[in-house]
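Below, chain A partners chain B and then partners chain C, in two separate complexes.
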Partner chain A sequence: MAADWLNVALAVLMLTDLLLLLTGKLQAMVRLVAIQGVMICAVPLLTHWPDVGWALWAVALGNFVVKSIGFPWLTFWTARRVHVRGQLEPGANYVVSIAAGVLFLIASLWLGARLEPPEALKSSLSVPVALLTVLTGLFLIIARQKALTQVAGYLVLENGIFTFGTSLAWEQPVIVEMGILLDVFAALFVMGITVFHIGRTFDSIDVAEMTSLRDTRR
Partner chain B sequence: MTAVAAVHIALALSLSPLLVGTINRTKSLFGGRTGQPLLQSYYDLARLLRKGAVYSSTTSWIFRAGPVAGLAAALAALTLLPPGGGRSPLAFAGDFFLFAYLLGVIRFFLVLAALDTGSAFEGMGASREVMISALAEPAMLAALAALAHLTGSLSLSGLMGGAGEDGFIAAAPVVLLAAAALFGVMLAENARIPVDDPNTHLELTMVHEVMVLDHSGPDLAYILYTSALKIWLLGAVTVGVLLPLSGLDPWASLGALVAGLFVLAAIVGVIESSFARLKMSRVPVFLGGAAALSVFAFIIVYRS
Partner chain C sequence: MTVALWLVPVLGGIVALLPWPAAARRVLLAAVAIAHLAMVIFAWVDRPAPMLGGWVALDDLGLLFLTTTSAIFAAAAVYGVGYLERESHADERPDFITGIPFPNLPESFFVVGLLLFLGAMTLVTVSQQLGLLWAAVEMATLTSAPLIYFHRHKRALEAAWKYLLISSVGIALALLGTIFMSVATSAAGEAGGGLTVESLTAQAGAMDAQWLKAAFILIVVGYGTKMGLAPLHTWLPDAHSEAPSLVSALLSGALLNTAFLSILRIMQVCTAAGLADFCSDLLVLFGLVSMAVAAVFVLRQPDFKRMLAYSSVEHMGILAFGAGVGGQSGYGVMLHLVNHSMAKGMLFLIAGNILTVYRTKAAQVVTGLVHTLPVSGILWAAGFLAIIGSPPFGTFTSELLVLKGGLDQGRWALTAVFLALLLTVFVGMASAFLHMVQGRPAVTASRRTRREPWTAIVPPAVLGLAVLFLGIHVPERMGTVIRSAAAMIGGAP
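Showing the complex of A and B:
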């Protein structure tokens, strides 16, 4: 039963990956990352169900707090302070993004089938979906023009790595996960503050405009 | 034909205008208005049927045939639609292609009738409608193909809820992706937000509405009724795919299907209240996204 629900969680994760590539609104993107955060904590719990120790609960809840509560709050706070327009101007257009999404899925399914897990996995989808999430995150970092969306892309990337790690590792690597979570937390904080300052200094958080270090905009 | 199938067709014929009413009522609730009565669509149909039709002298028989042919195609498609988990009266292997193309026939005659008037605006609406449906069709067929591969059935009756009760959650990735794609197609085909706005009355922005500007009286009533039936047809496919109907007792599954349809109508109302319409240039992206979801579903089902 837990394996079936694991499939559902992975399916929602996959769906959010594709919607992240499609969406043209910052708000929608942040909400999708928050939904991913919820799925991300469901995946390790369902993978190791029913022997879930306190440590796994702690990792899952920590993820939930950082990614589903902390990140949206921080983003909306920064967006309000630096007056970001909600509309995103993608560096790669949406048709390319969709095509990239399909290619990523094919690539991750192919790669997932070739990797030999140390033991039988609970769901054949965990590795492909994790890889898809990693690739989606990387693509978002490259293809979206705002500093805030790059933070979102970084989080998506981290979500993928987290899924990959927790579905493969049997000995729940609590220390490692906690360390990563702390990194993510610190990184989010730093990025939020940086974006805020960038917004103050440049009047824009469009990364394309940061190449010119002048006071006036081109 | 089984009793359940007969009751389903009777329900579809009688309740589909109520779906439109439900959507409108939800929108008024969100807008803080009381809104039109739930049965307004029925009153509109009754009023239009009592009136006479006006025909322009530049139109030919195609203009008069359009609404009737569209309604006939919608009724034919209805006989292919399974009542919940059971079998449809005319089920056969491969009938989902016929279903998709009957929807195409409805649109084809509507477009022909619009072009027949010679009006520039109607021609523009027709061209947009054809563009939208040309993009929606691959998404729909790919989603149905993925489901056919999943359920091992080539009939719409097997596809809907074919994963059954126990297999349902295990098949969730495919079912979720396909249902999301079908929902997008349903919004596009029924000219709802975010693809088209049924409330707009500016010729330059209308797609579906502009095509029926020259129809009047009973002809317009047929068109309105056909579009209500179309919501039922595509909505039932979406709901049927999403809910594990085939595990239920036939009557219970019919009840679940109808209840699901009204929930879906309310969701459409919520979407229409909370989203803006997309720019025309973004519509291909929306439908391309739906197609990508279908392709996702297909790749996953093909691999496992």
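Showing the complex of A and C:
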């Protein structure tokens, strides 16, 4: 029963990844990251159901707070103070994004089949979806033009890694998991402040404007 | 006591947040730095015991890295006292390049950042558990990002953003690698023993080789980003050129090393698992690629701080190559990391002096250093000799040992490439450096410029003398620790 729900959660996660690759609006992106936050909260709980200790609850809820509440709040706060256009204008155009999406999907399913974890997993989707999320996160960081999108990409990357960790029954002491969560939170905080400064200094959060440091002469 | 090593700087950082008068806070910075160095030197005499159930322990490898970090930080802190005092004279100053006035980060945050940074780096050197190691490296990244953005102008912001983003991605990949490592251990039976280096090396024979290899690749790519291995080094030149010089000295002299230590810890485990050849090939590849990239960008590099940054990439490449080759190179690598850190630290601090007086980073424009800034000029020339590996400096010995190790291991072709790249970098840097020292001064040499503040010349001079000393004689005790550290990463002396 829990396995079915786990598959549902993983499928939703996969969908959010693909949609993130295609979306052109900041609003939509923030919503998708928030939905991912909910799924990230659900996946570890469903994987280990019914022996879920208080530690796992704490980590899951912590993730929810950071990604589903923290990041949208950050975006809202930045958008109010800095002129952020709603349209994201993805740096790579739509055709490339769709192609990348399909490629990542195929790659993660293939790799997922090849990497055999020593213990049987509750869902065969765990590893492929985690890989897809990691690849999506990396793509968002590299191929997008707005600093906020890069922060979103970082969060998505962390989501993928976290899914990997919890699916593969990575039993770490609570303190390490909390430490990791705290680090992600701190990273979000520092990135948020930096994005704010970028918006104020450059009058936009378009990273294409930040090209003055280079070695090749134009 | 082991916990005290990183707790003292962290507490110092928290204390520095209180509203002290600026001068008192600067003294606090220098005091904590010197106290930390004293504790580290004491650790050589009386090694502290492992704590926290073996998660935190100071072994020979860690001690070497910790000493280097602490020494560079102490030098940077003393330099910083003078630097911050000079920077505090005006609320805003005009940018060298664009002329637009810009403010600085409030001094209190800068000092707090520096102390927390020291705490984080110390934690990396004493961490034996891979999860804790990861958290410490992440902490070091987050505390150093605001330090890069000390001068609040566009270029520094761009550099800080690139640094933050690229490092965070790298570290995230290293986390994935750590998870894979954990999966590899679960094949051995009992999941746990808590991912400490000790327990991992004990079960290494029974670990799943496929997952372990994947883990190693991810970890080298991940921590290699922070170490500055090409092609993951792109944040390095920007961060080094835009950060205040003492921060650049810390980044090159301490942070890159701690990332290297993280890679070495994993290599300990992989070597115990019998994957030494695989690890070796990967590290040698990254090493040579880094040296090649550095050689390309050092030639005709107009900005002298960027040139120093690419030199750091080159030396990280040397370290990776030596660690990969093993054998006698292992000893050379351990010696080299100490020598390089101190030489690079010295060079960056002197670069700061040059920048203050000449107000430009263009190497072509700066001339006649020996007339305007006599002491800095001589140290700059000495630093050049040290960094390209000329006798009697310690870098000559260490690079020669890496070279010899390569030949002893029978890797003729690769060692030849290594040597060729070393020579290329030498050529690239020689003309720029020597041009800067001699010639008619581009800025009027006056008594004001010639009288350099002691905080600006004593720390780099001390670092330079240390490299010189190590070139002539490596103390007995230190030699033992270096040999033992080299043995830990599979390099027999």
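Definition applied: the second predicted complex is superposed on the first by the 208 of 218 C-alpha atoms of A that agree within 3 Å, B and C clash if a C-alpha of one lies under 4 Å from a C-alpha of the other, contacts with A are read in each partner's own complex, and residues count from 1 in each chain.
Keep this in mind: a contact is a pair of C-beta atoms (placed from the backbone, for glycine too) under 8 Å apart; a residue touches a chain by one contact, two chains touch by 3 or more.
On a predicted model such as this, the values are computed, not experimentally measured, just so you know.
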| item | value |
| --- | --- |
| Chain A as common anchor, with chain B and chain C clashing or fitting | fit |
| Touched partner set for A:25, first chain B, second chain C, both or neither | neither |
| Which of chain B and chain C A:138 touches, first, second, both or neither | second |
| Chain touching more of chain A, residue-wise (chain B, chain C) | C |
| Partner chain in contact with A:165 - chain B first, chain C second, else both or neither | second |
| Contacts of A:147 with chain B and chain C, given as first, second, both or neither | second |
| Contacts of A:197 with chain B and chain C, given as first, second, both or neither | second |
| Least Cα gap, in Å, left between chain B and chain C after the two complexes are fitted on chain A | 23 |
| Complex interface listing, chain C residues touching chain A | 129, 131-132, 134-135, 138-139, 142, 145-146, 149, 152-155, 157-162, 164-165, 168-169, 172, 175-176, 179, 182-183, 186-187, 191-192, 194-195, 208, 210-211, 214, 237-238, 241-242, 297, 301, 306 |
| Chain B to chain A touching residues, read off their complex | 169-170, 172-173, 176-177, 180, 282, 284-286, 288-289, 291-293, 295-296, 299-300, 303-304 |
| List of chain A residues in touch with chain B within their complex | 1, 3-5, 7-8, 10-12, 14-15, 18-19, 22, 24, 94-95, 98, 101-102, 105-106, 109, 113, 124-125 |
| Parts of chain A lying in touch with chain C, wherever the complex brings them together | 115, 117-119, 134, 138, 141, 147, 150, 154, 157-158, 161, 164-165, 168-173, 176, 179-180, 183, 186-187, 190-191, 194, 197-198, 201-202, 207, 210-213, 215 |
